[in-house]
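A, B, C and D label the chains in the order they appear, each numbered from 1.
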Amino acid sequence: MVHIADGILAPEIWISGFILTGVLLIYTLSKIKIEDVPKISLVASAVFVSSLLYVPLGPSSVHLLFVGLAGILLGLGAFPAVFLAVVLQAFLFQHGGVTTIGINSLTMGLPALISYGIFVVVIKKLSWKKRFVFGGSLAGGIAILLAVLLTSTVLVVTGKEFIGLVVLLVASHIPVIVIETVLVGGITEFLQKVKPEMLVEVKK
Amino acid sequence: MSDNRDIIVKNLSYTYPDGTPALKDVCFEITKGENVALVGQNGAGKSTLLLHLNGVIENNNGCITIVGKQLDKKNVPDIRKKVGVVFQDPDDQLFMSTVFDDVAFGPINMGFSEETVKERVKKSLQKVGLSGFEERCPHHLSFGEKKRISVATVLSMTPDILLLDEPTSNLDPGGRRNIIETLKTLDSTKIIASHDIESLLEICDNAILMDKGRVVATGRSEDILTDIELLNSHGLEAPSIVKMLGDDVIPLLRDNFDSSQIKRHEKTIKKAISKKRKKEIFCK
Amino acid sequence: MSDNRDIIVKNLSYTYPDGTPALKDVCFEITKGENVALVGQNGAGKSTLLLHLNGVIENNNGCITIVGKQLDKKNVPDIRKKVGVVFQDPDDQLFMSTVFDDVAFGPINMGFSEETVKERVKKSLQKVGLSGFEERCPHHLSFGEKKRISVATVLSMTPDILLLDEPTSNLDPGGRRNIIETLKTLDSTKIIASHDIESLLEICDNAILMDKGRVVATGRSEDILTDIELLNSHGLEAPSIVKMLGDDVIPLLRDNFDSSQIKRHEKTIKKAISKKRKKEIFCK
Amino acid sequence: MTHFDIDKYAYLKSPFHNFDPRAKVLCFLLLIFSIVLLNDIRVLLIAFISTIILVLISKIPLLFILKRFKWVALFIFAVLVVLPFTVPGENAFYIGFLSVSHSGILLATRVSLKAFSVMLLIFPMLSTMKFVIFIKTLEHFKIPDKLVQMISFIYRYIFVVSNEFQRTLRSVSSRNVGKKTRIFRHHILSNIIGMTLVRSYERGERIRIAMLSRGYNGNMKTLNSFRMTKKDLIKCSIIIIWSISLHVIVLTKILDLARVVNSV
């Protein structure tokens, strides 16, 4: 639900969304190597597929975003991955909007980049055994928190009439933040054990 | 219990969501402790049938009863405790990060103590000939090794009913021998879907022959799996040893063809050959 | 060309990133048009070796020459055009959304005209016995059907060199027969890794036996694959028909055991049995 | 193993199915942007109706479209439920003790009309061609090579990932008996997702190799090649003219005129 559909935002906002996304895309694309293309695509697909999944939670269900996970796995490549996931979600599953592709990529892609930064700092600065779980959890949780905050900001900037929507948005994502904190931590630990080369390279 | 039928399948039909019909009006019964061979061409519906018996595929088109309980949403968890499945593709079976965890997964879930779990894992790995692989990642094994671990994950649960989908495919002949011997010593009721008819002849008492989703023949495996014409008419072939010796091959097979046995069986073999010859001449 | 060696492997060693040694100092040569059987226990390193020959695994520890070109980063694209691989796991092989697209993928990339592509697809599907499956989705097939399609995707490209990893596993006996006959008619140089020693005896001239990453024997397949002691000492087993008849079985195998042939071969069989018997007595 | 039905209706026959993909994508994008830029609720209604007509022409079954609705519906539902109550403005009516505002209803309607129109337009635009063709179309648009390659890999990998996920789930459920604690369940879930990732990663790598060894060199070749025909030109012009006229209607205030005339 962090995907904003068409028709809500003012044109100035979604147009600047496109411009900013374009700039970030050009920058991140220039930073990734052609050999990394398959890996980035794979993580993008994983993000895409998991965003179609519902995790039952009590009587209702939430869907996961795994933006933070994308950051941990791909580093800078997370941005194009998130962008493409957003594009395909809009075009293949009518999930999100077309004119809002730029904005949605930003609200999800920026947190991915930030959580990548957090993860790198944690792994570099700490030396205890559980640092991967910790770094993963932190990155996973914060990414969602940021995504929700960014989306809320965009809505509020568009118009005060959307404050009610923002409240609903934040409330419904509190469980997601908790779940992803726990899950991404576990996944990071698992990957570190089974296939460390999948995690983003951290030079000590 | 007066009823010793472990598995009853009645009028089971199934069509995959994309419209491919896979099972058509399948009926059979299997008694406790029986070993049943499930044979049929590629796409005959063997795997689909096995997936039904463990509740992996849900289907209201027909009626399945396992150890006296009807298979429905309510009973599935109970029934899964009793039924172990080895999938055709080992990648469908393994999901933990070490071989130990994977083989221990079932027993831990069944609530055994740590001691028992360890004991069970050790024994199952021994049975498939992979002791010492505990700390490897199941995902990084050769295909045949994965297949063996898949079998071990189910053996460790000692289920009442064992469903095995191609347990010997991709195994080296030695590994195949191991699995066959292991299966022979287990008391569970077993259904084994396989194209390895020679192994089936060795392990199974009864056989079910499927073709295009239907059960076309059931009976003693000696009768069905050595009936060259029957097999041929459903796109199968008898193993060459059967082609040569007919059903006289059974005692040899069950003795596992030790060179020394060849001697003991010389008479049988010669008899079989001349019988075959007579038939040849007679047929012409 | 004076040099008719299609594949030369020299001092090839490989250790997987997780530290498992898979190949140790492997050396062999294969001439044009040769059919080579690659046998060995589960985990012996067969698949790893085949993956090297197509440049899937990059490795500087050794030297591989394919059709006169050294296998390195620069030459890989060229070499891949000449070498077709059937992977052990069919799910690695199929990636398009219809069977037609999948089988057509290779020929289209090779730049054939639409006509030719359609023709080739049709023929390849015929060869594996799956005509009429064009519009099905490859992921919604039975395991054996997938395996057949994998073979078809490579047949449609008629490469100079064919690497087949377990082409007959999970196939029903009829399908297995089909593949064997198809392979026999192809002129390509072939390496076939398989545990189905009976089929290998039928198709292959030469054999390479591996154990724990090393090549432990090479030679004519009649010699290697019927040598019961050799096979046993490396964890393999001869097919039961070989156990019974020894290497006298070859002509029978290549004739495919028609009942009528049994009669023709009666003498061979009887001779084989008594030879075996004598050996028995002699050995004791 | 779901295949998400992406190419399911690409084989039907309709004016949109044999529309040149490049022209089709451009025209529909134009129409989408033009609709989102509208503000007059009456024009939006007209646009919405025209969208439905386009969908009908495309012959994509309505049931299929309805199934896809659930994703947008979630958002729209939130909008419809929340906005009328929270947007301040002139009171329209009460539900219980909650007041529903006029401007709230209007805003909610406008937003839903736009969102639904766009989502509907995607069907005649994309469901009428195979996705591989869409990727080829992107190549024609001079989109950066890396991006196009990524899209075609993603398309492949979507199935890989969902297949691997379902397989992992299946294997877990077939041995997952008895009762577990919460902790255990979370442990299992991260294991399942982690394992799915690893498996997809490796499978993806092997599939890439399989593609390479069958001559793949970065662009998806299929048997189709694009040709613009006269018919395509006509279809193009119709859609382009329609996109523009929607705004002409607004600018020239034709609808208001009608009311003025009426009242006179």
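As a convention for this text, contacts are C-beta pairs under 8 Å (C-beta built on N, C-alpha and C of every residue); 3 or more make two chains touch, one makes a residue touch a chain.
If you're wondering where the values come from, they're calculated on a predicted model, not measured in any experiment.
> Would you mind telling me which chain pair, A-D or B-D, is linked by more contacting C-beta pairs?
Spelling it out, more C-beta pairs touch across A-D than across the other pair.
> Just give me the whole-number Å value for how far the CA centre of chain A lies from that of chain D.
20
> Where the CA atoms of chain A average out and where those of chain B average out, how many Å apart are those spots?
From the centre of chain A to the centre of chain B is 46 Å.
> Would you please write down the residue numbers of chain C that are in contact with two or more other chains?
89, 91, 137, 140
> What are the residues of chain D that contact at least two other chains?
Within chain D, residues 6, 156, 191, 194-195, 198 contact more than one other chain.
> Touching at least two other chains at once: which residues of chain A meet that condition?
190, 194
> Which chains touch, pair by pair?
A-B, A-D, B-C, B-D, C-D
> Where on chain D does chain B make contact in their complex?
My answer: residues 167-168, 170-178, 180, 191-192, 194-195, 198-199, 202.
> Could you pull out which chain D residues touch chain A in their complex?
4, 6, 29, 32-33, 36-37, 68-69, 71-72, 74-76, 78-79, 82-83, 85-88, 103-104, 107, 110-115, 117-119, 122, 126, 131, 144, 146-147, 149-151, 153-158, 160-162, 165, 186-187, 189-191, 193-198, 200-201, 204-205, 208
> Can you name the residues of chain D that touch chain C in the complex?
1, 3, 6-7, 130, 132, 156, 159, 163, 203, 206-207, 209-217, 221-223
> Please name which positions on chain C make contact with chain D in the complex.
Answer in residue numbers: 54, 56, 77, 80-81, 83-85, 87, 89, 91-93, 95, 97, 101, 104-106, 108-110, 114, 117, 137, 139-140, 153-154, 157.
> In the complex of these two chains, what residues of chain A are touching chain B?
The touching residues are 190, 193-194.
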